[in-house]
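Two complexes come next, and they have one chain in common, subunit A, joined by subunit B in the first and subunit C in the second.
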Partner chain A sequence: MQQQVTGVATADLVMDKAALEDAEKRKKRRWALGLLGFFAFTSIATFIYNEYYIYLSVYLWFGLIYGMCLQYGKFCFSSAFRDLFAIRVPRMLVGIVIATLLFGAVSAPITAAGLSTFHAAPVSSHAIIAGAIFGIGMVIAGGCASSSLYKTGEGNMNALIVILSLSLTQALFADVGGWTNNFVPEAWTQSALEKGLPASITVTDGWVDQYLAGYVWNKPAVTYADLLGMTNESVLGAFVGNLLVGILLPAALLLALVYALYWRKGYRKKQQKAGKDVSGLMGELAGYWSMIIANKRTATAGLILGIACALQMLVIQGLRVKFGFKNAGVMLERIGFDFGLSVQGTVFDPGYWYVTTQEAQWVGWTLQKMGIENLDNIYFGFVNGIPNPAINPADWMSFALIGGAAIIALYHNEFKFKKPTWETAMWSVIGGFFMGIGARLGLGCNVGAFFVRVANGDCSGWLFGLGMAGGAYLGVQFFNWWTERKLAKEMESCGL
Partner chain B sequence: MKSDLWVVFAVTAAFMGFLIGYGVPPVQEVGLLAMGHGGAAAVEEPADVEAAMEQQFEDLQNLMK
Partner chain C sequence: MGMKFEKTGEGRYRLNVNGYVCPHPQIYTKKALEKLATGDILELVFDNPSSGESIEQMIENDGNTLVEKLLESGQYEWHIEKS
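On to the complex of A and B.
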């Protein structure tokens, strides 16, 4: 009798728990729909108010898709390198390389049609150094620039700290002058002065200013098509030069290297155990293929990301033609927002997926409002501007990216508010700092300086990636050393 | 309950469809959608549009100086 009562009580408890979980899931889904409704309302209301706002809505909806894809595919460069170097698991890295390849395949026809909004970046060793600093930072922070955004959407407050640190570092680094001028080579200063920049830009006061105008701008901005003597906006240039030579071949080689070093041994062991023949070229090819399809989720997300990135370029280009401007700065002026435009009347308006500059911009805007002059440097004052974040196109994209990630996380019951500890917050701040420095030196992050550049055949993309891999390796080594040291200290204090 | 997610995809797809429908026709109208020609060689108009935009930027820059 007692056993029966206990059994009924346990069953009730289980049912109550299930009902509670179900209610919690319903609540999360309502939040997700609420977020979606907010974005839909914003788009419709602003469009009714003024037609030009559709330009911002393009950034918003593509940002939302990027967030959904990143969260679904768990698209994280930091995890990719950490898994590879720390535990020898290449799945995420392979997924990212495949995603980059797929993005390249979608971008090629857009480039061939002359509709790409992409511009190649200057190529030199600075990309490797910048990538290395960024790579160290992202491993220390526990997330890259893009994954910090989607993880913030999952409720991870450490990721939010990374974003804040990354944003603040960039804004301050881009403007720092004074004593840092002592570290500028004379040749950079002279070369920067020769550029004839407007008087409002104090080009000789600022390390980054002189680095940009005196060094980076002197380097050639070339694609693989350019190197081969082809035009980017041609079928041959876009498909053979940029896609085949610039992406497919290096990616295939990189994957072959990863296969040989990290996948082959485990795969062959598993197959031989199952009594399967893995000898000869066919055996190697089967192993190579098994590695490529090991992370379907990231690759699928990458394919959708690629299609979305290319479509965004097409739609943005269409709207620029329709409204008759080349940069959103003109549009902002037309709708009455002229504060924070660069001296050229421009704002940051990449026309494709980008992460770090808009993060620096909102800090730049805040600092400017607090009375700290920010428009006298090249980064803000000559190129990107510091428009109000509420009407900054790229900020709409980042905000919606976090929202898109939150929507998918809420639906998959993966949204959880994660409070940082003092230690994790410290790593987030330090990691974000290095990422901020690396992003400004490399003119972009893992997305803008690697993912988008490689996919569009820019020669500097792989250089940044090479540096990022090296930096991530150093970051992993540092963390191993730190963890072992911490463990040893704890054991010592326990008298073991 | 699970089918709720399709609401998200349907709303997103509807907005995307609208934005693509709104943004792509202008590039077709000026003949920029011409594979392999980089757009410019397709028709005469884009060159004029380009020149007008350059002029607009120059004027803007002069104003800012």
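On to the complex of A and C.
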């Protein structure tokens, strides 16, 4: 009898627990729906207020899509290199290559038609150095610039610390002058002065200013189409130069290398164990394909992400033509926001997915409001401005990216508010700092300086990626040492 | 809370990396599995979803077996058998 009572009580407890879990899942799904409703309401209400807000809403909805894709596919550029070196898992690298190929394939006709919003960046060894610093940072931080956004949407407060550190570092680094001027080569100062920048820009005071105007701007901005003597805005240039030579061939080569070094051996061992024939070219191709489809979630996310990225360029360009401006600075002035525009009347308005500059901008805007003058540097004062984050198009994209990730995480019961520990917070701050420096030196992050550039045939994209891979390798070596030491202590007490 | 590794029974070990972000959960899991004997079970507790994607593929690539997967309120508990 006693046993029966205990059994019934246990069954009741199990049912209660299951009912509680169901209730929690339903509650989270309601939150997800509420968030989606919030973004829809924001778009509709602001559009009714002023039709120009549709421009910001386009950024918002693409940001939402990016956030959803990133969270669904656990899409992290840091993971692409780090997991390959640390645990020999190529799933993320494959996902990124798929996304890049799709982005490139959809971008090609847009570029050929002259509707692309993309501009190539200067090419030189600075991209490799910047990539390496950024790569070390993203491994230490536990995620790249874009994944820190989506992980914040999962409730991960370590990721939020990374964003804060990355944002603050960039804003301060872009503006720092004084003693840092001692480290500027004379040739950079002279060259920067020769650019004839407006008087409001103190070009000889600031390391980054002189690096930009005295060094980076002197380097050529080249695409693969340019290298082959083709015009970017032509079918031949866009499809053969940028897509085939700039993306398809290097991507196929990269995947073949990853297959040979990280996948082939394990795949063949498993197949042979199962009695399957893996000989010949067909065997190799089957192995190659198995690597591509090994993680369908990541591959699917990469596919949608790639298409969405290219479509954003098309939609933004369409709106620019409709409203008759080339930069959102004009639009902001028209709707009555003229604070924080650059001396050229522009604001940061990439027209495609970007992460780091809008992060620097909101800190720049906050610092300006606190009385710190920072519109005298090139980054804020001459190019990007520091508009109010509430009406900054790129900030709408990042904010929505966090929201999109939260929606998917809540829907799949993967949302969890995670408090940082002292150790994880320390890694977040240090990693964010390195990423901030790398992003400003490379004129972008894993998205702006690598993903978008590679997908649009910009020669500097692969250079930044090469640097990122090198930096990630160094970061992994450090963490291998760190974790080995900590785990050995714990295992000792278990007799292992 | 920091990383915790403990013995929970004969041939059973528990690695708790709750609160850690990438790459800590995957590196700790890899290193812990390397030290275990064939047939041992590693109970892995973590709450970083993206680590799970990589750990799952690592388990498969290394020929180990994921015998149980639990998810409750954003916390994962996976039981991995070392082969």
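Everything below uses one rule, namely that the second predicted complex is superposed on the first by the 483 of 496 C-alpha atoms of A that agree within 3 Å, B and C clash if a C-alpha of one lies under 4 Å from a C-alpha of the other, contacts with A are read in each partner's own complex, and residues count from 1 in each chain.
One rule holds for everything that comes next: a contact is a pair of C-beta atoms (placed from the backbone, for glycine too) under 8 Å apart; a residue touches a chain by one contact, two chains touch by 3 or more.
What you see is a predicted model, and the numbers here were worked out from it, not measured in a lab.
**Q** Looking at the superposed three-chain arrangement on subunit A, would you call subunit B and subunit C a clash or a fit?
**A** Superposition check on subunit A shows subunit B and subunit C fit without a clash.
**Q** If we overlay the two complexes on their shared chain A, which of subunit B and subunit C does A:G114 touch? Say first, second, both or neither.
**A** After superposing on A, A:G114 lies in contact with subunit B but is clear of subunit C.
**Q** Of the partners subunit B and subunit C, which touch A:I407 in the superposed model: first, second, both, neither?
**A** First partner only, subunit B.
**Q** Which of the two partners, first being subunit B and second being subunit C, lies in contact with A:M92: first, second, both, or neither?
**A** second
**Q** Examine A:E21 and indicate which partner it touches, taking first as subunit B and second as subunit C; both and neither are also allowed.
**A** The second partner, subunit C, only.
**Q** Which touches a greater number of subunit A residues, subunit B or subunit C?
**A** Counted on subunit A, the partner with more touching residues turns out to be C.
**Q** Who does A:T231 touch here: subunit B (first), subunit C (second), both, or neither?
**A** First partner only.
**Q** With the two complexes superposed on chain A, say which partner A:L474 touches: subunit B (first), subunit C (second), both, or neither.
**A** neither
**Q** Given the touch rule stated above, what does A:L319 touch, subunit B (first), subunit C (second), both, or neither?
**A** After superposing on A, A:L319 lies in contact with subunit B but is clear of subunit C.
**Q** Angle subunit B-subunit A-subunit C between C-alpha centres, in steps of 10 degrees?
**A** About 140 degrees, rounded to the nearest 10.
**Q** Minimum Cα separation, subunit B versus subunit C, post-superposition (Å)?
**A** For subunit B and subunit C in the superposition, the minimum C-alpha gap reads 17 Å.
**Q** Under the contact rule defined above, give the subunit A residues that sit at the interface with subunit B and also at the interface with subunit C.
**A** On subunit A, no residue contacts both subunit B in one structure and subunit C in the other.
**Q** Where on subunit B does subunit A make contact in their complex?
**A** My answer: residues 1, 4-5, 7-8, 11-12, 15-16, 19-20, 22-27, 30, 32-40, 49, 52-53, 56-57, 60-61, 63-65.
**Q** Any idea which subunit A residues touch subunit B in the complex?
**A** Those in contact with subunit B are residues 25-26, 29, 32-33, 36, 40, 43, 54, 57-58, 61, 64-65, 68, 109, 112-115, 198, 231-235, 311, 314-319, 321-322, 324-326, 330, 343-345, 407, 411.
**Q** Sort out for me which residues of subunit A touch subunit C in the complex.
**A** Within the complex, subunit A contacts subunit C at residues 21, 24, 71, 74, 76, 78-79, 82-83, 86-89, 91-92, 139, 142-143, 147, 151, 154-156, 158-159, 266, 269-270, 294-295, 297-298, 409, 413-416, 418-421, 423-424, 427, 476, 479-480, 483-484, 486-487, 490-491, 493-496.
**Q** Please output the residues of subunit C touching subunit A within their complex, sorted ascending.
**A** Going by the criterion above, the answer is residues 1-7, 13, 19-24, 26-28, 30-32, 35-36, 47-50, 52-55, 57-58, 61-63, 71-75.
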